[in-house]
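Each of the next two complexes has chain A plus one more chain, namely chain B in the first and chain C in the second.
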Partner chain A sequence: MTPGAQRTAGLVLGGLALALAGLAPLIFTDFFISVILTKALWLGVAAASLVFLSAYGGMVSLAQVGIYGIAGMTYANLVAADGGSPAAWTPWVAVVAAILVATAVGLGFGAIAARSVGIYFLMITLAFSILVYYFFSQVTQLSGFGGVNNLDLPGLVGDPVQDPAPLYYTTLAVAVLVFLVLRYIARTPFGLSLQGLRDEPARMRALGFDVTLHRILAFTLAATIAAIAGVLSVWYNRRISPGSISLAQTIDVLIIAVIGGLYRLEGAFVGALAFALLDNYSREWTPDVGEILGPARFNTIIGVIFLLIVLASPGGLVGLWNDIWDRLRRRAGPTTGQVKGQPLRGEG
Partner chain B sequence: MRGRAMNARRLLAMGATLALAAAGCGGDDDGGGGETQEGGGGGTIKVGFLSDCEGAFGSFFEPTISGAHLALIRHAGAQPAGEKPSDGISNAKVAGKNIEIVGYGCADDTADKAIEETRRLMEQEDADILVGPLSGDEGIAVANYAKEHPDKTFINGIAGAQDSTLKVQAPNFFRYHPDGAQWSAGLGDYAYNELGWKKAAIIGDDYSFPYTSLAGFVGEFCAIGGQVTKRVWAPLGEKDYSSFISQLPDDVDGLYVGIGGSGLINFVKQYQQQKGRVDTERMMGNVFWDDPLVLKEVGKSLVGGTTSAMTAADSDEAAVQSYMADLEKAYGKEIGGTGPSVFTYGYYTAMTALVKGLEAVNGDIADQKQLQAELAKVTLTGDEAPWGDVKLDERHQAISDVYLKQIVKDANGDGVPDVKTIRRIPDVEQTFGGFFTPESPAPDRSNPKCESGTPPPWVGKSEEVSFGG
Partner chain C sequence: MSGPADRSPGGGPAERQDVPATGAASPEPAAAVVARREGGRWTPQRVVYTALAAVVLVWIAVKAGEDLRRFAVVTLNGLTLAALFFVVASGFTLIFGLMRVVNMAHGSLYLLGGYLALKMQESWFAEETTIVPTLGGGGTDADYSLAGWIVPLVISVAIIGVLGVVIQQVFLRWNQGQDLRQALITIAISVILADQMLAAFGGISRDIKTPTAWPTSVLLPGEVRFGFFRGVVVLGAALLIGLGLWYLIKRTRYGKIVRAGVDDRDMVSALGINVQLVFAGAFLIGAMLAGLGGVLGGTMIALAPGEDSAFLVNSLIVVIIGGMGSLGGAAIGALALGLVDAYADVYLVFGDTDLTNYSILLTFALLVAVLAVRPLGLFGRPA
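For the complex of A and B:
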C-alpha cells in the first residue's frame, strides 16, 4: 500500500470526473448543467483562489469575493447592459480590462494586507470585501443596490438561457486550466518558497527570501484567479448587484473552501459542487418537523450538514479521501516507517 | 498488497461514478417529466410561488402565501392543506384543470437570490406560471427574466419598483397592484395643501422600491410648489440608523419616511432615543407604516403619522369584511390580521387575476400567448379586489384607488393602534399624468428632480372618506 497507489487512484478518479464533466450535457438536464454544474465550476474557481492562498501561503483571505466583485462590476460597466454606466465595449476587451483592473486592485490591496498574518489578515481582508460591497451599493453611477442587468455576453458562450452547454464548456475549460496552472505554480521555485515561508517565515527571511514580496505576489496571483471567477460569475448570472458580493457570499465562498478542504486545490471544486447541490436541493428535501423545521428553514439543514462534514473531517471532503487511504494502509499492516498522510502539509 | 490496492481503487471509482450518476438521474427525471406535461397540455397547471423568507421582509413569507392561497380558496374551490399557509393548498381547480403550486420560493430581497429561486421554480420544478416576487429589485430582475422566457407567464407578487413595468415592459409580466410611487399618491397634495409643508426632507432605504415610493411623493409635492431639501439613504435592513437620523435637517416642515421591513422598527426605536419622541405630526410614512406587523411592534410611536397605500384596514365595506373573514377562517386570527397588509393583498389580487385569466382561456395554456392576452384584459371588481377595482394599462400596470390614512390610538382594545382612513385618491395611474415616462430617468437617489410643474390629475380631487362613521 504505497502512496503511489493513492496517487494512481486519485488520477483515475480525477480522470473519471473529468470524463463525466465532459459528457455532462449529454447526460443531465439543462437546468442541472446550468444551475448546479456551471455554478459549481465558477464558485470552484473563486474558492480555488482562496484555497491556493491558504494551502500554499497560509493566508485565509476573505477578500476574494471583493476582488471578483470588482472584476464582475468592471465587466458589467464596460459592456452593453441595463444600469450602471454601460460603455458598450466588445465583451472580450471588457474581460481583459476586468481582469487587469481586479488584479491591479489585488496588487494594491495585497501590498497592505500581506504585512499582517493570522486573525489580523482575516479581518483586514474581510474589511476589504465589505468596502467593495458598500462602494458599489452607494455609487449609483456604477451599480447601486439594483445592480447592472442584462449584460452583453461574448459570442462564444451564446445565449445560456437557450443552450447552457457553451457556457458550461467554457467554464469547465477555464476551471481545468486554473487548476492546472495553480498546481504547476505550487511546484515552481516560487511555489516552493511560498510553502517554505508559510511554515517557517523567520527561517526563510534568514535565508534571504523577501517574505512580504512573496506574499504580495501570491495575493496578486490569487486576485487574478478571483477576477476570472468574477467574469465567469457575471456570464452565468448575466447580472451583478451588490447583493451578489455581500457578506453572505463571502461566507459562502469560505464555506465552500472549508467543506471541500482548505489544504488541497481539488477541495475547492468538490466543495463548490457539494454546496451547489445542497443549496438547491435542500429547499425541497428539508422535512417538515412541526414548527421547528420545514422547507423555508433549509438553511438549518445546510448548516447542520456543513457542521457534520467539518466535525467528521477537519480536512473537508477531500480530507476524507486521505483518511480512507490512511485507514487502508493501517489495515494493510505496519507501514515502512513513512509519515502518516498529513493533510495540513498537503503538497498538492 | 497490490491486489488490494487495485480493489480499493476500483471500489472508490465505482462509488464516485454511481454517486454522480444518481445525482444526475434525479435531475434528468424532473426535466423529462416536465417536458411531456408541457407538450401534451396535461391536466395540471403548475404555478411557482416566489416570496421572501429571509432578509428584511422574511416575516412576510406566510402572509404572502396566505394571500395567494385565499384567492385559490375563494375563486378556485381550494382548501388549505394545513394550519400554516406554507403547508400548501389542495384541490385548486380552474376550468377542470388542477392548479398545483410546485414550490414556495424563498428569496432574501436581493435580485440574485430571486433569480436563482425563479430558475429553480421555472426550470427545475417546471412551473408554467410564476406568482411573485415580493421586493423591488427582485421585481425588476424577474421582469427581465420574463422577457427572456416569453413562453411562460409572470404575475408580480407585491414588488413595487416602478421600472419593472414602466421601463422593462416584458409582454408576459403583469402587475395587478399600484407601484411604489402610486402608493404615495395624494400624500404630496395633503402635505402641501392641508398640513402646510413648504419644505420637506426624505429618508429611505437605498434601493429601487423606496426610490419609487419617495419619487411618488417628490413628484407630486414638488409639482405643486413644495421643496425637498435633503434626501438621506440608508442601506436596506440597516441595524444602526443613528448616523442617518443625525443627517436629517431641522429647518424643514416635514419628513417623509420610506424605510421598510425590519429596518423601520429599528429606525423608529432609534429616532425616539435620539430625538426624545417621534414627532409624527410632521411625519409621513410609506406603505409600511400601517402594516399590521409594524403596528404591532412600534405602532404606539407612530400614532398621528400619515401614510397611504391601496388598502384601508378600517374599511367597513362588505367586500372587505368578507375578505377578512375568509382569511381568518382559513388561517386563524394571527394571519387573518394581516389581511389589510399590502403584502397579503398584493398576492391575493395577483392569484385572483391569474384564476380569471385561466378561466378566460378555459384552462388551456398550451400557448401562453392567449393566456397573456386575456390577463392584459382582466379587470378585478367586488370580491376580487375588495379595496377598489383594478384594471391594467397598456404596460400591464394596475390603475386603482389609493387611500390616505392616519394612525390613531387604539380604540378596539387589542393594544395595537388603529388605522383611520381619511381620503380616497381615485384611479391612480403609474405615470402621474405624464410625469414619469419610459424615457424619464429611473427613480434613484437624486431622481426625480424637485421641480414645479403640472400636478398629477388627482391633486385636489381626493374624496373625503370616513369608514364606520
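For the complex of A and C:
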C-alpha cells in the first residue's frame, strides 16, 4: 500500500471515467447525457476555476459565478436572441468576445481583491459576484425582462434538443482540456511559485517574488476558465437571466467545489457530477415530511449535505478517497519507511 | 499613515521609516517610493482621487440646488437606509472583531427575525376593525396597537439571539480559528434556513405593520414631509444602538474584555477570564442585532426571499468599507453605502439620459475606491 498504489488506482479510475465519458452517448439515454453529464461537465469547469485558485493559490473566490455570468451575458447579447441587445454576431466571434470581456473584468476584480487574503478575499469576491447579479437585474437593456432566450448556437453544437451528443462531446473536450491545462500550469514555474506563496507569502516576498502580481495573474487565469464555463452554460441552457447568476448559483458552485474537494482539481468534476445527480434524483426519493422536507426542498437537502461534508470531511469526496488510502496504508503497517502524515493539500 | 498595502514583511524596517519626502536624494529607491507614496505630496493617484471626490460633491451640489426639498428627502432616505445597514452590520462586525468568525448566516438571521415578528403580529395582534370589502384580495385592513409591534419585536429579537448562540455553540465553537471552515458552515446554515423560510413563509413580499396610532409622516422644517417610521423610529433606534454599543464596548467590564479579546484572545484566556462565555455573549448580541434589523427592515422595506442575501451583502460591503471588526467603521461604512445608494437612485440623470439603472455601479465604485487605498477598509487592522 504505497503512495504509488494510490496513484495507480487514481489513474485507472480516471482512465475508466474518461472511457466511460467518451462512450456515454452509446450507453446512456439522451436525457441522462443532457441533464446529468453535460450539466455536470460545465458546472465542473466553473468549479474547476474556483478549485484551481483554492488548491494552488490558497484563495477561495466566490466571484467565479459573477465572471461566468458576464461571459454568458456578453455572449447572449452579441448573438441573435430574443431579448437583450439586437446585435447578431457569428457565434464563434461572440465566444471570443465573451471570454475576452469576462477575462478583462476578472483582471480588474483580481487587481482589487488580490491584495486581500483569506476570509477578506472571500468576502470581497462574494460582494463582486452579487454586484454583477444586481447590475444585470437592474440593466434590463442587457438582460431582457424575462432573460435572454433562444440563443443562436454555433453549428458545431447543432440542436441539443434533437441530439445532445455534439454539445456533450464539445463540453467534454473543453472540460478535459481545461483540466489538463490547469494541471500543466500548476507544474510550470508560475504554478510552483503560486503554490509557494500560498504556503509562505512572507518568504516568497523576501525571495523577490511579486506576490500580488502572481495572485492577480492566477485570478485572471481562473476568470478565463470561468468565462469558458459561462459560454458552455449558455450553450447548454440556450438562455440566461439574472436569476441564473444569483447568490444561489454562487453558492451552488461553492457547494460543488466543497463536496468534491477544495484542494484537488479532480474534486471540481466529482462534485459537479454528485451535484447534478442529487439535483435530479433526490426529488424522487425524498420523503414528504410536512413542509420541512419534500421534493420541493432540494436546497434543504443540498444544504444539509454541504453542512455534513464541511463538518466531517473538509477535503470533500476526494479528501475521503485520500483518507481511505491513508487508513489502508496504516493497516498495512509502516512499510517502506512511509511517514504517516500526508501533505494536506494533495500533490505539491 | 502607512497603508496596509505597503507593508512588506520582507522589506525590513528601512521601508517603514518615515523618510522625509525628498524623493530623488534618497539613497534607497524602495524607501523613496514608499516615502513619496506616504508623504503629503500630490501624487497622481491622490490627484485623481481628490478630483473624483470633487466631481461627486459638485454633482450632488448641482442636483441639490435644483430642488432643495427633494434633496432633503433623498438625504433623509439615505440616512435611514444607513441606519438600518448600521444596525445589521454592527452585529456582523462585532462577531468578526472578537472571534474572527464571518457569519454568513447573518442575512438569514435578519430575515428570520423579520418573519417571526410578522408571524406573531399577524396571529396575535390583528384586530379587524373596519369592515372594508377587500375585493382586490390580499390587503387585510387590520389595526395594531403599540404592543402589536413592540411585543413581536422583543420576542423575535430574543429568539434570534438564542438561535445565534445555538449556532455558535453547536457548529462553530469546536473549530475556532479555522475561519474558512466556519464561513462554509454558516453558508450551509444560511442555505438551509433560506429554503425553510421559503417553505414556511412563501415567496410573496410582505411587511410588518406599524402601530395604527403612529403617524405616517412628520412635517420637518422647510415643508419637508418624511415617513415617521423611517425618519424617527429607525434613525432613533440606530442612534440608541450606536450609543449603547459604544457604552458597552468602552465603558463596561464586558466591553473591556471584548476589546482585550480582539487584541489578544490567548492572553485574555490566560488571565482566567472565561473567553467562551464572552464569545457566546458576542454572538448573542450580534444575532440580536440582526434580528432587530430584520424587524425594522421588515417594517420599513419588506420581507421576501432574497432579502437575506441582500442584507448579507449590505453588511459585507459596510464592513469591507469600514474595516472588519470596527464599530466606528461600520457606522462610516453604513453612511457611505446608504447615501451612495440614495443619491445614485435619484440623481443619476444627466439631461435626457437616465442612468439610474446603472446605480449599482456606484456602489461598486465606492467599494473599489476604498479597497484601492485601504485593502483592509477605512478602520481595518491586520489580523
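Quick note on the criterion: the second predicted complex is superposed on the first by the 326 of 348 C-alpha atoms of A that agree within 3 Å, B and C clash if a C-alpha of one lies under 4 Å from a C-alpha of the other, contacts with A are read in each partner's own complex, and residues count from 1 in each chain.
Everything below uses one rule, namely that a residue touches a chain if its C-beta (ideal position, glycine included) is under 8 Å from a C-beta of that chain, and two chains touch if they have at least 3 such contacts.
These numbers were taken from a predicted model, which means no experiment stands behind them.
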After the match on chain A, would you call chain B and chain C a fit or a clash? clash
Answer with first, second, both or neither: which of chain B and chain C does A:Ser116 touch in the superposed model? second
Could you look at A:Ile185 and tell me whether it touches chain B, chain C, both or neither (first, second, both, neither)? neither
Should A:Phe28 be classified as contacting the first partner (chain B), the second (chain C), both, or neither? first
With the two complexes superposed on chain A, say which partner A:Leu20 touches: chain B (first), chain C (second), both, or neither. first
Check whether A:Gln138 is in contact with chain B, with chain C, with both or with neither, and answer first, second, both or neither. both
Who does A:Asn280 touch here: chain B (first), chain C (second), both, or neither? first
Applying the document's definition of touch, where does A:Arg239 land relative to chain B and chain C: first, second, both, or neither? first
Location of chain C clashes with chain B - one stretch out of 199-207, 235-243, 253-261 or 325-333: 199-207
Is there a shared patch on chain A that both chain B and chain C touch, and which residues make it up? 134, 138, 140, 246, 296, 298-299
Of all residues in chain C, those that touch chain A in their complex: 5, 8-10, 100, 102, 171, 179-181, 183-185, 187-189, 191-192, 194-196, 199-200, 306, 309, 313, 316-317, 319-320, 324, 357-361, 363-364, 367-368, 371-372, 375-376
Report the residues of chain B in contact with chain A in the complex, numbered from low to high. 1, 4-5, 8-9, 12-13, 16-17, 20-21, 23-24, 27-28, 30-32, 53-54, 61, 86-87, 103-104, 106, 110-113, 115-116, 119-120, 123-124, 136-137, 140-141, 144, 148-149, 161, 206-208, 233, 235-236, 444-445
For the complex, give me every residue of chain A touching chain B. 1-2, 5, 8-9, 12-13, 16-17, 20, 24, 27-32, 34-36, 82, 134, 137-138, 140, 144-147, 149-150, 161, 237, 239, 241, 243-244, 246, 277, 280, 283-284, 288, 294-296, 298-299, 324, 328, 332
In their shared complex, at which residues does chain A touch chain C? 60, 112-113, 115-116, 118-120, 122-124, 126-128, 130-131, 134-135, 138-141, 202-203, 205-207, 246-247, 251, 254-255, 258, 291-292, 296-300, 302-304, 306-307, 310-311, 314
